[in-house]
Each structure stands twice: as C-alpha cells, then as structure tokens.
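Read from first to last, the chains carry the letters A, B and C; within each, the first residue is number 1.
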Amino acid sequence: MEKLLEIKEIKKTFYKKKIPFVAVDNICFDVEKGECFGLVGESGCGKSTIAKIITHLITPDTGSVLLNGEETLFLRGKKERKLYQDIQMVFQTPQDSFDPRRTLGDGIMESMRNQGMKKHQAKERMYELLEMVELPGEFASRYPHEVSGGQCQRAAIARALAPNPQLMICDEATSALDVTVQAQIVELLNKLREEQGLSLLLICHDLALVQKLCDRVLVMYKGGGVEQGVPDEVIQNPQNEYTKILVDSVF
Amino acid sequence: MSMEEKITVRKQKVVKSHTRQKLFFFGGLAIAVLLVAAFAPYLTPYDPYEQDLSKALLPPGNGHLLGTDRYGRDMLSRVIMGSQTTIFSALLLVVIITIVGGAVGIFCGWHGGKLDAFLMRVSDIFLAFPGMVFAIAVASVLSGGVINAVVALACISWPKYARITRSQAMMIKHLPYISAAKLSGSGTWKIVWKHIVPNIAGPVIVTAVLDIGTMIMEIAGLSFLGLGAAPPTAEWGSMMSNGRSMLQTSPWVILSPGCAIFLTVIIFNLAGDTVRDVLDPKQRKR
Amino acid sequence: MKTPLLDVRHVEISYNGRPVVQDVSFQVEPGEILGIVGESGSGKSTLIKAAMGLLGIGGAVTKGDIYYNGRNVIDAKPDEIRRMRGPAMGMIFQDTGASLCPVRSIGDQLYESVNQHEKASREEVRQRALDLFEKMRLPDGDRILNSYPFELSGGMNQRVGILMAMVLRPKLLFADEPTSALDVTVQAQVVREMIQMREAYGTGIVIVTHNIGVVEYMADNIAVMYRGNLVEYGKKEDVIYHPREDYTKRLIGSVLRVNRG
C-alpha cells in the first residue's frame, strides 16, 4: 500500500506560565491510501494536538509531516491553501464548527468559492454534497442553531468533502452525538470511505468505535504512543499496561 | 393501578416577553428624535438665531411654547436646532470610537504578541485618567469648537471599545468555525471580515447605542464649560450654561435644554437596552 | 403495599406552557439503582430536576405527582423542599467542578452544606468525609479537603461531588450524567464508587445518562425516554436483552461494543 500521510518524530511543548508541558512526544505513524487509522487516548493525551499540527493550526517544535512523500510543515500562503484541498477536518462540536451568522450552505461553499469557483457551480456542487451526506437540499439555507447535532455534523462532513480531499481527519466527530445518531454518522463515514476511496484519520476515545471502523490504531498516553497495531489484536491482547487499563474500563 | 386514579392537574402561568413591542416603541422614539434633529431647520417655528430684545425673557406661552431667552430668541426653536448639533456630534463621536476602538481591539485580539501588549498599555493609560478631566485638557489645548470637542472625547472613549472587541476576538478566534474557515482556504482578511466582525458586532452595537446617551451628556458638558460649541450656535450644553444665572428668575431658559438632554438620553438608553435584549444570543436561540 | 422511596405518577412537565415530559410514571425502592436513558432533549434530566424542585423559571410540573417516601414534593413549600435537598435527596451534577465555589476550599464548602441541615462541628464533618474517602478507596483525603476546585482534575471533582452528596447520607441520590465528561478509565472508577455507596448505605440511586454501557453495568431497572415520553420501563435484563419497543431496539442496536474476543 502507498503511504498517504507520514508523521515523523513530532514533538510539541506548550508553555503555561513558563512551565513546559509536553503535549506530544516523539509520535510517529503513517496513514495509507484508503485506510482508516485511529488515534485513541484520554483527554489531554495529545491526540487533538496532532490533528492541529497536520492541519497547520499549530506548529510543532520538531518533526515532519509528509503528504504523498512531500514535507508540508513549511508550506505558507498559496501552497498552504492548496494543502487544505487534500486534508480536511471534521470537528467535535458540529454547531461550533459553523459560523452562527451564516447558513450551512455558505459554510459548505466557502472552500469552493475560495478556489475561484463560480457561484452557480458552487451551488450545484453543494447540493450534490448534501445529497452525498443524505441531507435534504433545504438544509443549505438553515443556520447551525436551527438543525440538530447529527444534521449539523453531516453538513460539516459535506463541507470537508467539498475540496475532494484525500485525507479526512475526524476529531472526536461523533462523541458529542447521541448513540443512534452516532451509528448513522459511522455508517456514513464507512460509505464515503468505500465510495470515494477516502482515507480517514479517526481521533477518538471510544475503543468500540475504533474497533468497528479502523484498520490500524495507535494508543496514546500522556503525549507518547504506547501501542500500535490492528484494533482487534490491541483490544483482545493488549501488551502495554495502560492499554490494558483502558480496555478494562470500557463497560 | 386503576383507571379512575386521579391525576392532579396544575395550571401554569406563562410569562410572555414583549421584547419586540419594546423595540418598536423605543426604537421608534429614538428614530423620531433623530428625524427631528435631521430636519431641524424645517421644524423650527421661529428663526433660532433672530434676536429681538423687546421679547427678551418671555415666559412660556403667548406664541412661544417654551418662552424666550435674554436676547428674545424663541427657546423651542433653539432646542430643536440645538438637537442637530448635540445629537449629530454625539453620533459622529460614537461612530468614530466604534470604528477606531473596534479596529484596534480586533487587531490586538487576533494578532496578540508584543504590539497587542503595547496597544493595551496605551489604552490602560487612557482608562486610568479621569475621563472628563482629560477631555477638558485636550479640548482646551485644541481650543473650542464642536469638532474639537468630539476629537477630545474620542481620545478618551476608544479604549472601552478596544477592550470589548479584543476580548470577543480572542474568544472567537479559538472556536472551531474559525479553524474550519482556515481549512476552507480563507485568508486572514477574509476570516476577520466575514467571520469575526459579524460575530462581535452584536455586543459592540449594544454598547454603541447605550453610549449615545452618555456621549450627548459629555458633549453638552464640554459645551457647558465653554469648550464645545461657540456661543451663537444653538447647542444644549451652551444654552444651559447661558441660562444658569437666571435659574431663579427665568428657569425656562435652563430647563428647556436640560429637559431635552434628559429625555434624549433616556430614550437612547432604553433603546439600547431593548437592542441588547434582542441581540442577546441566549434569547436569539429560542 | 410498602411505600416506595420515590414514586413518580403520571407526571407532565411544561416549560412556558409547552409540555416537554408527558405521562411518566416509575418507582424507586430503597437501595435500588434506576437508570434513565435517552438522547439529548428527551426530557430525562428535566425529570430529576422536577423531583428536586429545581425546574427553574418557566418550568413546572403541570400534571401528576412526585412522592418521596409518601410525601408529595411537588406541592411542598419551597422551604420544606430545601430542607429535603441534601439529607433526603442528594444530587450529583454533570460538572461538579463548575457547581462549586471557586474561591473556597472543598472542606469549607463541605462543612457549609452539612451545617445547613444539622449541627456538626468542623472536626466531625471532616472525620465523616475522611471515612467516606476511605470507603471510596481514595487516598489523600486530607489534601483534597484542603484544595480548591480548580486544583483538582475533572474526575477528582466528580468524586468530590459524590462525596458532598453522600456526606449527608441521603436515602435517594440523583445523578445527572455524572460520568459523561470523564475519560473512560476515570468513569469506570466513579461508577464503581457509586455502587459501593449503594452497598454501604443502601442508598437508592437514579442515574440519568446517555451511556448505555454504564447503565447496563450498574442499574437494576431501566427507564427509556424518547421525546418526553417513557417508552419502556422494566428490569435491566428485559430492557437490554429483550427490548419490546422499536425505539429501544434501535437505541440498544446503535451501541457499539468492544469485542474482546
């Protein structure tokens, strides 16, 4: 399999009142084309920081992030914006990930308009995308607070799909949703993966979800990677002490 | 459980809010005041500047609804004419400080770093001065005139807006929708203009409307001290200043502009309150 | 017939004239754990707020009654209800850290809440708290009592919440999403501690959560709420393994489970 994304020896330290706190410590992993890779761990273990590093929302201290074999960390301006056509992200709280004063349709079209697409073309594509995430077209004119969490997350997925990305990062994309809705979103992600050949980087704390969706998983604890492998093996036969506790804690 | 088990039924009092009606009422009043100010020259029954010493200090009534001042000028006409000077300079002032303070605040909140720290210390200095004293100092250095009074008051009032917009911008820039906009390929300018400005406009507009009343008072205050509008110009503060020696003999000369200030300030404050009720995000979600 | 600890009868709760919970009835016996599950907005939290008299402005029980030990709590005077909150009915919030005063130490706030209801010296309250910490197998009781809410982790604050509720030895404990903000490893500990409280004091517990796994682990009975209605209510085994209603089937079917092989 071809490697789509390679994370090499990423390290990030935050300073709070000059006291250093290592959020991510020497993390390495790669995501293959069409693969679903999972990052699990507790809150504060650094998994979301990695998502922000990949999407250039945070700059790491050291390390490199390769997309299709090319370094992405130093891309700026136009090239950085080009990167966002290949990497997209879905956030944890769907309602907060849309501007409360603009419609869902506006949000979905933003990237296409930024690429210089004409308004009517963007609109057409937006309705296609809404159909892909199984939302009726009338949702384009709704505001984020007018729709439910699940519907909003579908719209967020549509927005992420708009530039035809190769990799979609889901940062706890289903944790804020009700279980029945979560099941539907998981279904949708699976469908997109099969139909669009999308690679997924799934960041979550739910081992069951990782086991259902992911091909490989990296367990993180306090900024470091403690165990990597196929989810079934990691869960059924954990090698690391922390992984054992994590698996035992799930009801 | 049997079918005939009695179920207690209780009545609930439902409290209705009248925000919309209040907005129409107070908003309407505020707009009416603005219209009076805008069309002041057409509404005055007499020429507000025409002196007629034979009619000096007439009490209210007899064709002069609010009486006349010591030069025989009709008080009603002067109050109407004065609204133009006072209200429009207050509006100009609010617009200036909103734009200047807002721009500084958004820049600081978004950019952060050393420039932010520097600009915030500058605003601290302005906030630390007793506002009116500083305004008096600036106005006397610049010498009188309405425009100079506006400049003086702008100098001391912008930091409040910078503070509000800065804290709002700092809060909003960490929200996921800003990250999402960045991931959609929008540049900094676009993000600030399309996503940050509209989302902090609410509290800024509320503050601005509430400030119109305060600014009317401050401009009138400077004029009262002789640092605002020059004498012949009809302006509420200077009119009050002119009448202050006659408070006991001809109280209408000072009461007319005084009441005009009082009513206008109350109308703008109540309008500001209702605007806040309408723009309050918690209420909007319902 | 023995009076149940909590008896909810045909309750309808309205906000500003609009009913959000309709015709809900269930009972809790002493020492029983009842799990109320449902999605967000299904009215599950509203129910326990009504029982505690905490519905707030605009909310009211418009039909039916709620009895605690045979006493009607809906028509009780506000003062009477206030005296019942704590010694009779305790409550654990989703985010205890936010429900505590940030500028006073845990021990201080604990003493105050006890002192509202019974005469006790600071030393006594402290000793009782330390005993409880021991029962919960938490080390460092002393250090926790001396710290401020912001110094403790979310999990630790949540345990303080349990402790503050339990120190008055209520017969009935309401828990509103007590573990939803916690990591799974901490969640497991908190759940075990709540079960220990039941074993030690025979406390009846009503736990409201969207986490079916937690309810499956700790509850005796389960009530399933959907859009303000009680769609299914019965023994845990029946509801989880043999659900009757379509919605319950869908809900249980949506739960992802870890396959441990």
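Methods note: a residue touches a chain if its C-beta (ideal position, glycine included) is under 8 Å from a C-beta of that chain, and two chains touch if they have at least 3 such contacts.
Since this is a predicted model, take the numbers as computed values, not measurements.
Looking at which of A-B and B-C shares more C-beta pairs in contact, the answer is the pair A-B.
Chain centre most remote from that of chain A: B (centre = mean of CA atoms). Between the Cα centres of chain A and chain C there is a gap of 34 Å. Each chain gets a centre from the mean of its Cα atoms; for chain B and chain C, those two points are 49 Å apart. For chain B in complex with chain C, the touching residues are 1, 5, 7-12, 14-15. Chain A meets chain B in the complex at residues 52, 55-57, 81, 84-85, 87-89, 91-93, 96-102, 107, 110-111, 114-115, 145, 156, 159-160, 162-163.
If you check the complex, the residues on chain C that touch chain A are 39-40, 183-188, 191, 210-214, 216-217, 250-251, 253-261.
Those residues of chain C lying in contact with chain B across their complex are 9-10, 14, 16-17, 25, 57-58, 60-65, 74. Contact residues on chain B toward chain A in their complex (touch as defined above): 175-177, 179-187, 190, 194-195, 198-199, 281, 285.
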